[in-house]
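See the structures that follow.
What follows is subunit A paired twice: with subunit B in the first complex and subunit C in the second.
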Partner chain A sequence: MPVFYGSEIDSALMLGTAGYPSPKILADAFARSGAGIATVSLRREGGGGQDFWALIQSLGVRLLPNTAGCHSVREAVTTAHMAREVFATDWIKLEVIGHADTLQPDVFGLVEAARILAADGFKVFPYCTEDLTVCERLLDAGCQVLMPWGAPIGSGLGLNNPHGLRALRAAFPDVPLVVDAGIGLPSHAAAAMEMGYDAVLLNSAVARAGDPAAMAGAMADAIRAGRAAYLADPMERTDMAIPSTPVIGRAFL
Partner chain B sequence: MRITINGSPRDVAATTLAEALAEANLTGRIATALNGTFVPATLRETTPIRDGDAIEALAPMQGG
Partner chain C sequence: MTVTVIGGGVLGLCIATELTGRGIPVAIRDDAPGPQACSWWAGGMLAPWCEAENADEAVLRHGLSAADWWQDQGVPVTRNGTLVVSLSRDAGALSRFARRSGGHQTLDAPGIAALEPDLAGRFSRALFFTDEAHLAPREALAILSGRLGRTDATTGTVIDCRGLSARDALRDLRGVRGEMVVIRCPEITLSRPVRLLHPRMPLYVVPRGDGVFMLGATMLESDRRGPATARAVLELLSAAFALHPAFAEAEVLELGADARPAFPDNLPRIRRVGGVIHANGLYRHGFLLAPAVARMVADHLQHQTRPEFMDADND
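Right, the complex of A and B next:
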C-alpha cells in the first residue's frame, strides 16, 4: 500500500469529492471505493461549507486539500496556508495552473511554489506533468511524492503518454508516484497500477458516472487488480508469436 | 468604512478582521486572507482593517 511522507494508506485509490449528484451519493461512492484519501478544496464561504465539513469528517478518510484554480505562485502559497488551517493538515495537493483550456500545470510556478511550501513544513503533493526534468526539480524542491497527469483534468482520456509515465517510474523507483487526472475508466486506472504506480487519484470518472457508487467499486477492483499484476511481474511483450503449446512431441501427420 | 468581503462591497463599523467577519456573519470553519495575505485565526482579533481592504473568507468545499 502507498506510503506518503511516512504515512501508510490502506488503499491505492485517492478520490475527489467534487461533482457528485448529492452528498449521499458522495458518501456511498466513498464507502464503495474504500479510498483512504479524499481531495477537498477551499472556496468563498457562501453557505454550505460547514455542512460539507461535517460530511467529509464522517467519511473516515485522510484529507488532501488542493490549490485548484490557482494560476500564480502567490495564490497557490496563500491558498495552501489557508487550507492548512481549515483542514488541520500539512498535506497539500499543489496545483499551479498554466493553461486555461487544458489545465496543464505551470511547471515553473509549480517548482517555485513547492520549494516555498516545503521549506515552510508542508508535505507537498505536486500535480505535475510526466517530464523527467520537472519531476527531478520537484524532488530537489522537497517533494517526496509526484503526481503526474494521465490526461487533462476531467477529460477521461486515460493515460495519454504511457511511455513517459513508464519512463518516470523507471527513473524514480523509490519515489511514490500517483497518476492524477485524466482517468475515465477502470482500465485506465489498472494500466497505471500495472506500470508500478503507487496510487491513482480520480474524481470525475466516479462523480460523473451514471451510478457513481458502482463506478467507485469498479475503480477499486481495477486498482487492486493492477497492483497485483505489477507485483506478479508481467511477462515481456514480443512482436511475434511464441507458441505456448510445447513443440516437442508434436505428431507428424 | 467600505471594505470588500469575498468580492462584495460592504460598509462596516468593524476595526479588526475578527469584527468584520462577525458583522458579515462569517463564522465556523473558515480561513481568512487580507489583501491577498493569509491571516491565521489567532491573529484576526488583533489585525486592523482599513478602508478599501479586501477580505477573503474561505470554507471547506468539494474538490478534485
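Right, the complex of A and C next:
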C-alpha cells in the first residue's frame, strides 16, 4: 500500500469530492471505493463551505486539500495556508494552473510554490506533468511525492503518454508516484498500476458516471488488479508466438 | 384546525395555498415575497425531464404535475417545452444528457430553426423536451401571496418553511449557493428556456418577455448569500455569449445570489419535530417540487398520512 510522507494508506485509490449529484451519492461512492484519501477543494467556495466540508470530514478518510483553480504562485500559497487551518492538515495537493482551456499545470510556478510551501512545513503533493526535469526540480524543492497527469483534468482520455509515465517510474523507483487526472475508465487506472505507480487519483470518472457508486467500485477493483499484476512480475512482450505446450516430442498418430 | 405557516418563500406560499384550497384557515408569518427568499432568485423552470439527468427519480415523478398545479392557481405558465443544445466540441455532453434524461425528441438544424428562429444556423443538433414549462417566479410568488392572510402570531398547527434559516432545528440542512444574472437583449427572441451544456459552465436562459432573460445558475457548495462573484458573472455571460453573440450587447439589469436549502440527498423533507411540521430542502427544485410537497403536507394534516418525503414523525 502507498506510503506518503511516512503515512501508509490502506488503499491505492484517491478520490475527489467535486461534481457528484448529491453529498449522499458522494458518500455512497466513497463507501464502495474504499478510497483512503479524499481530495477537497477550498478555492471556489470563497467561504461558507463549512457544511460541505463537515460532510467530507464525516467520510472517515484522510483529507488531502487542494489548490484547484489557482492560477498563480501567490494564490496557491494563500489557499494552501487557508486549507491548513480549515482542515488541520499539512498535506496539500498543489495545483498551479497554467492554461485555462487545458488546465495544464504551470510547471514553473508549481516548482516555486512547492519550494515556498515545503520550506513552510507543508507536505506537498504536486500535480505535474510527466516531464523528468520538472519532476526532478519538484523533488529538489522538497516534494516527496509526484503526481503526474494521465491526461487533462476531467478529460477522461486515460494515459496520454505511457512511455513518459514508464520513464518517470524507472527514473524515480523510490519516490511515491500517483497518476492524477485524465482517468476515465477502470482500464486506465489499472494500466497506471500495472506500470508500478503507487496510487491513482481520480474524480470526474466516478462523479460524472451515471451510477457513481458502481463506478467507484469498478475503479477500486481495477486498481487492486493492476497492483497485483505489477507485483506478480508480468511476462515480457514478444513479437513471436510462444506456444504454451511443447511441440517437440508429440506422438504421431 | 387553524394553521400558521412560518416562511413566505415558494414552499410556504404553496402549502398555505393548498391548505386554503382545502378549506383550512391559514396565515403566513413572514414579509411579502422579496429578495430575502431564495425563490425570489429562481429560474422558474418546470423542467422535470431535464432535471432527471442529474437528480433522483423522485424529482421527475413529483415534478410532472407542477405545471398543472401552478396553472390551476391562476399563475401564467408558458408550456413551450425546453431546448437543450451544446457546442459542437461538447457533442458528447448532449448524447449523455439524452441518455440520462427522457421525454425529449432530437432536432436537427432545420428543426431548431423552426422552433427558435434566432438560434438558426448555430447548432446542428438539439434535444426538445416538449412537455416542460416555465413561469415567472416573482409574479407567481406575488399572486399566491396576494390571496393569503398574514399574522404576527404563531397559533394553531405550525408549519415551518423558513428554508436555510431553519438550520437551528434541521441540523442536516446545508446551503448550495447559486448566482444569476438578468439581462435585456431585444435583439434576441426565445420562446422557451434554453439550456447550454458545457462541462465547466452549464447555463440556462429563461425568457421573461420584453427582451428580458434570466441567466442561471451556478451551483456551489457554500451557504454564503453575499453578492454574485465576478467569476460567476463572467462564466454566465461567457456561456450566454457562446449561445448567441448578440447577448454581448445586452444590458445587465440585475445580479443576484442566494443559497438554496438542501439535505444530503438533495431531496425535500417533511419532518415533524416537537409539534412543528418542517417542510424544507427543495434545493434547486423550488417551483418544480413545492406543489407536490404542499399536497403531501396537506394530506398529512387532513388524513394523517405519512408522505414519501416525511422522514421523522416524533409526535
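Keep this in mind: the second predicted complex is superposed on the first by the 244 of 253 C-alpha atoms of A that agree within 3 Å, B and C clash if a C-alpha of one lies under 4 Å from a C-alpha of the other, contacts with A are read in each partner's own complex, and residues count from 1 in each chain.
Quick note on the criterion: a contact is a pair of C-beta atoms (placed from the backbone, for glycine too) under 8 Å apart; a residue touches a chain by one contact, two chains touch by 3 or more.
Source: prediction; values computed, not measured.
Participant: Quick one: is A:Gly121 in contact with subunit B, with subunit C, with both, or with neither? Answer first, second, both or neither.
Facilitator: neither
Participant: Using the touch definition from the top, say if A:Pro243 reaches subunit B (first), subunit C (second), both or neither.
Facilitator: It touches nothing on subunit B or subunit C.
Participant: One more residue to check, A:Phe52. First (subunit B), second (subunit C), both or neither?
Facilitator: both
Participant: Check whether A:Gly210 is in contact with subunit B, with subunit C, with both or with neither, and answer first, second, both or neither.
Facilitator: Touch status of A:Gly210: second partner only.
Participant: Give the label of whichever partner, subunit B or subunit C, reaches more residues of subunit A.
Facilitator: Counted on subunit A, the partner with more touching residues turns out to be B.
Participant: Does the superposition put A:Gly6 against subunit B (first), subunit C (second), both, or neither?
Facilitator: Neither subunit B nor subunit C is touched by A:Gly6.
Participant: Return first, second, both or neither, reflecting whether A:Ala27 touches subunit B, subunit C, both chains, or no partner chain.
Facilitator: The answer is second: A:Ala27 touches subunit C but not subunit B.
Participant: First (subunit B), second (subunit C), both or neither: which does A:Pro173 touch?
Facilitator: Neither partner.
Participant: So which positions on subunit A get touched by both subunit B and subunit C?
Facilitator: Looking at subunit A, the two contact sets intersect at 44-46, 48-50, 52, 154.
Participant: Under the definition above, what is the set of subunit A residues touching subunit B in their complex?
Facilitator: Residues 16-20, 26, 39-46, 48-50, 52-53, 56, 65-66, 68, 74, 78-79, 81-83, 85-87, 153-154, 203-204.
Participant: Sort out for me which residues of subunit C touch subunit A in the complex.
Facilitator: So the residues of subunit C in touch with subunit A come to 54-56, 99-100, 174-175, 177, 199, 220-224, 229, 259, 262, 264-266.
Participant: Quick check on the complex: what are the subunit A residues that touch subunit C?
Facilitator: Counting only subunit A, the residues touching subunit C are 21-25, 27, 44-52, 55, 154, 210.
Participant: Touching residues of subunit B toward subunit A in the complex: what are they?
Facilitator: 6-7, 26, 28-33, 36-38, 40-41, 56-64
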